[in-house]
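Each in structure tokens, the structures are laid out below.
The same subunit A turns up in both complexes below, where it pairs with subunit B and then with subunit C.
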Partner chain A sequence: METKEHKFHQETGFPWKHVIGLLLSLVLTAIAFWLALATHQPPAVVITIIVVLGFGQLLVQLYMFMHFTESDDRAWQVPTIYFALFIAFTVVGGSIWIMSFRSIVS
Partner chain B sequence: MNGVVNWAVHFFMLDEGPLIWLSDFLIGCATIGIIVALTYFKLWKWLWDNWLTTVDHKKIGIMYLIAAVLMLFRGGTDGLLMRAQLSWPNLHFLTADHYDQIFTTHGTIMILFMAMPAIIGFFNVAVPLQIGCRDVAFPYLNAISFWLFFSAALLFNLSFVVGGSPDGGWTSYPPYVENFFDPGPGENYFLVALQITGIGTIATGVNFLITILRMRAPGMTMMRLPMFTWSVFITSIIIVFAFPVLTVALALLLIDRDFGSHFFTVTGGGMPMQYINLFWIWGHPEVYIVILPAFGILSEVVSTFSHKRLFGYSAMVVSMIAIAILSFVVWVHHFFTMGAGPGVNSFFGVSTMAIAIPTGVKVFNWLFTMHKGRVEFTSAMLWAVGFIPNFLIGGLTGVMLAVPPADYQYHNSYFLIAHFHYTLIGGTVFGVFAGIYYWWPKMFGVLLDEKLGRWHFWTFMIGFNICFFPQFFLGFMGMQRRMYTYPAGYGWGIINLISTVGAVLMGVGFLIFVWNVLWSARFGQRDTTGDPWDGRSLEWATTSPAPEYNFAIIPTIKGRDAWWLMKKTGESINGPKGVPFRPIHMPNNSGRPIIMSLFFFIAGGGFIFQWWVLAIIGLLGVLVTMAQRSFEYHDHHYIPVEEIERTEAAAGRL
Partner chain C sequence: MSNAHTAVHGDHHPVDPSIPVEYHEEENSLRIAGFWVFLGSDLVLFSCLFATYVVMHGRVAGGPTSQQLFDVTGFTIETIALLFSSFTCGLATYEMRRGNRNAMVTWLFITVALGLVFLGFEIDEFVHNVSIGATMQRSGFLSAFFTLVGTHGCHVTMGTLWMLSVIIQLIRYGITPITARKAFIVSIYWHFLDAVWIFIFTVVYLTGKVV
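On to the complex of A and B.
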């Protein structure tokens, strides 16, 4: 299977990183649910906090599971991240722009 | 007792009339026939060992393509049923309800269960061979992708005879697919099946992205990749970024339907338009996912049969990258009529038109590749050359649709139906057929018959134009899509009749293709050289079909069109004589992917019929099979040198 220099990232010992990552992401999700279901904050507050939590979730995924810092192939990683940011911006920004017609109509 | 019988009759749709009874009968016969045949010829073990548990990309590719052709048949039958219903005013061959279900399953099957597996099949068949490696980066994951697609396709097709098909169109817009207007399991089938196959597709995207980045043979730089592999690379990127949006949209809608939330119901403060927005954020990139690999196939076929290197390689690459980026910023053109305002509509209109530029660049490059080449009109080349004008019609009418004020006229009319069939059939399906004729010898070691191939091409291509060209005019005359019948007196009748005749001709073309497959399997010319077309890329350097390990020794690449260069300089694919073979490291077969997909299937059934026990059992099964994999330590084996020597000697490469 392996061609070229193929480095196996053999992990030894207990996978602490993954377990902590799993717990963190569960906790972040639980907080979001609790905010939405069990508290009575105004929607704007809830949404803001959920966005922040979502960003935290993103970092957990990148660092704990996707070994973001361990790559030896920066040449591809950097443009990919920029492209991902571009898509995220387009999807979120675009949707807000498009759906804002409701405020004009109503 | 009576209650149970009534429930069962309704569940299995026995109260729906003869069409369903006939289908039940045929499905029963086919199933029993297959089981009896497999048992009689003692093929179960063979099937399990060689196909159901395989992780070999070549076999997975073949299974994808077989599934795609079967689904083309199913979707095509749907198409013919609709055309029969529309062939004359005031027909009531199908009821409105049945017509709705049929156009929904037709559209969904054609895009998600025909076009997608067809192109992913070619990913598997060609990419590892073209870049000179032995399998994809994650062979086990590849098998999971396939079986997820397969169980999703099964689930979706089951809706025809169990519980009722979805009927909200392949776009499945709320509010009319919300429970209030559309009760029953039908729409859930759509949501769950797409969710399952979507997971498999994302995995495929990741898999091929990594394969192309990390598994290339030494010397195979990115700018030496065959153009098909480039198209797969770009497509994989689009898949990875687009499909998650679909996942979210489908999940929210399913939560609405299954658990009574209000993401998209107006009464509960939801926003149905947001679903439409999300759907097309995925939907437009999706149409590029199914067309870019077809572009890639075309580039291979055109340059092989013009016996010239591809014209404008870098321009091809740059234009594909441009298309990939642009494909993410055009989605509003599917709902200009929502009325998001002049700013939004003009922006997305202009960005849509901009896609015509890189696409045009590609068309000119194909033409210049043929220019002054020694063009050989094989069946594969016929499909490739036929692609250009037909796709052009699709593309140009697309630019017409991209003008927002004009779109208010064309929107959801037969003009649109004709437009997207020109891109999907004239583009994707033609490209897929070109690929089938081109890579068939590599997959099976046999050539498809050229004479039957020509008949197939001409009947299908002419039938296609007779079927869909008149529909542009139906659109101008005001005929809307998704109408199950229409009154006389609009002058639509005769045009519809012509269109139906064309559809029948396409059906005939498809049958000729099936006949060609059967005929060639028995009498077709064997491909003994492995290089029947005087090919240019590495897949033609090895035997047809390629040995399990693809290349006994990983080749070193010295330029573009690697195999062509080797032939020019008289090099062997195994490098200089006397380099010793070494044992080859290969992944083990595994039965777990198919079992895991079975659990997905079960869980899917649970979510469709809201039988939560079933859903929980299915999901637990998925978790357990996933966990088992983590503790699997013996997942590979080595092919011993003697076996490699035997295989290579038989291929005449020693």
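On to the complex of A and C.
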């Protein structure tokens, strides 16, 4: 019988992973707030950067807090979530693209 | 199958100490995997609401714009509350795996309290908006705004009630494979809601202040 691979984070000692996750999310949030509210860069530049920072925050949640890669067999949630993100990107990105085309035409 | 089932139930010590308690039965692994599939579908649901909001953002129909409407102090406090609640919720899972029921329940209570702080500020914002005439039916922008932010707020409301029910079960039954699985699932749900909020404060609030 094949042995299953176990990939679990052992919870020993101080919860460094969680503290680092919190600090990362606070720093990314602070940068986004500062860029949007305290600087006067072109809106397109600010929005692009803060959306990228948002994806960084999503990765922090997934990998530092949500035990994303853990499983007692195979981590099926990883392809599931990335597929859902692909659909989300298609829906949102596609909508922005289509509507920007409409504003060019009109 | 039934032998393995009773063996796990009857034994209070972990079968394999490298496997966390919430994975101690095959059904638990399946339920956790199934919940990840739900999170994937919920992510797609929110992406549709985000797409609608992005398209509708400029359609204010002569009503209030996002720059006039959004209150920086309010959404900053909401953001900080939810970020810290995600951290305390993670610590609850951490203590669960170490077998500290009391510490785990304490962190879950703090998480619920921070969730209520978030909800309080959001409800206050909605009531204020409605009181100055910025209602859901005022413009396309406000329809999309209340639908997106309200759907997230509805998720957080359900999350706090769900987490309270898990806390009651933890107090009554302690950390068993079943209560641990329930606590683990509600915790990944909570982290997911924080991730959705990150995109709401980015795409709705901060972007709404920029353009």
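Just so it is clear, the second predicted complex is superposed on the first by the 74 of 106 C-alpha atoms of A that agree within 3 Å, B and C clash if a C-alpha of one lies under 4 Å from a C-alpha of the other, contacts with A are read in each partner's own complex, and residues count from 1 in each chain.
The criterion applied here is as follows: a residue touches a chain if its C-beta (ideal position, glycine included) is under 8 Å from a C-beta of that chain, and two chains touch if they have at least 3 such contacts.
For clarity, every value in this text was computed on a predicted model and none was experimentally measured.
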Report task. Considering only touches as defined above, state whether A:V91 meets subunit B (first), subunit C (second), both or neither. Result -> both
Query raised in the report: Does the superposition put A:L37 against subunit B (first), subunit C (second), both, or neither?
Result: second
Requested in this report: Give one of first, second, both or neither to describe whether A:F83 is in contact with subunit B, with subunit C, with both, or with none.
Outcome: both
**Report entry** Which of subunit B and subunit C A:G21 touches, first, second, both or neither
**Finding:** second
Query raised in the report: A:I50 contacts which: subunit B (first), subunit C (second), both, neither?
Result: second
**Report entry** Contact breadth on subunit A, by residue count: subunit C or subunit B
**Finding:** C
Report task. Would you sort A:F101 into first (subunit B), second (subunit C), both or neither based on which partner it touches? Result -> first
Requested in this report: Once the structures are superposed on A, label A:T69 by its partner contacts, choosing first (subunit B), second (subunit C), both or neither.
Outcome: neither
Report summary line: Interface residues of subunit A shared by subunit B and subunit C, listed 73, 76, 83-84, 87, 91, 94-95, 99
Query raised in the report: Can you list the subunit B residues touching subunit A in their complex?
Result: 132-135, 139, 213-218, 237, 241, 245, 271, 273-274, 277-278, 281, 325, 328-329, 331-332, 338-341, 344, 554, 585-587, 636
Query raised in the report: Any idea which subunit A residues touch subunit C in the complex?
Result: 6, 8, 10-11, 15, 18, 21-22, 25-26, 29, 32-33, 36-37, 43, 46-47, 50-51, 53-54, 57-58, 61-62, 64-67, 71-73, 76-77, 80-81, 83-85, 87-89, 91-92, 94-96, 99
Query raised in the report: Touching subunit B in the complex: which residues of subunit A?
Result: 1-4, 73, 76, 83-84, 86-87, 90-91, 94-95, 97-99, 101-102, 104-105
Requested in this report: Please name which positions on subunit C make contact with subunit A in the complex.
Outcome: 16, 18-20, 23, 29, 33, 36-37, 39-41, 43-44, 46-48, 50-52, 54-55, 72, 76, 79-80, 83-84, 86-87, 89-91, 93-94, 97-98, 184, 188, 191-192, 194-195, 198-199, 201-203, 206-207, 209-211
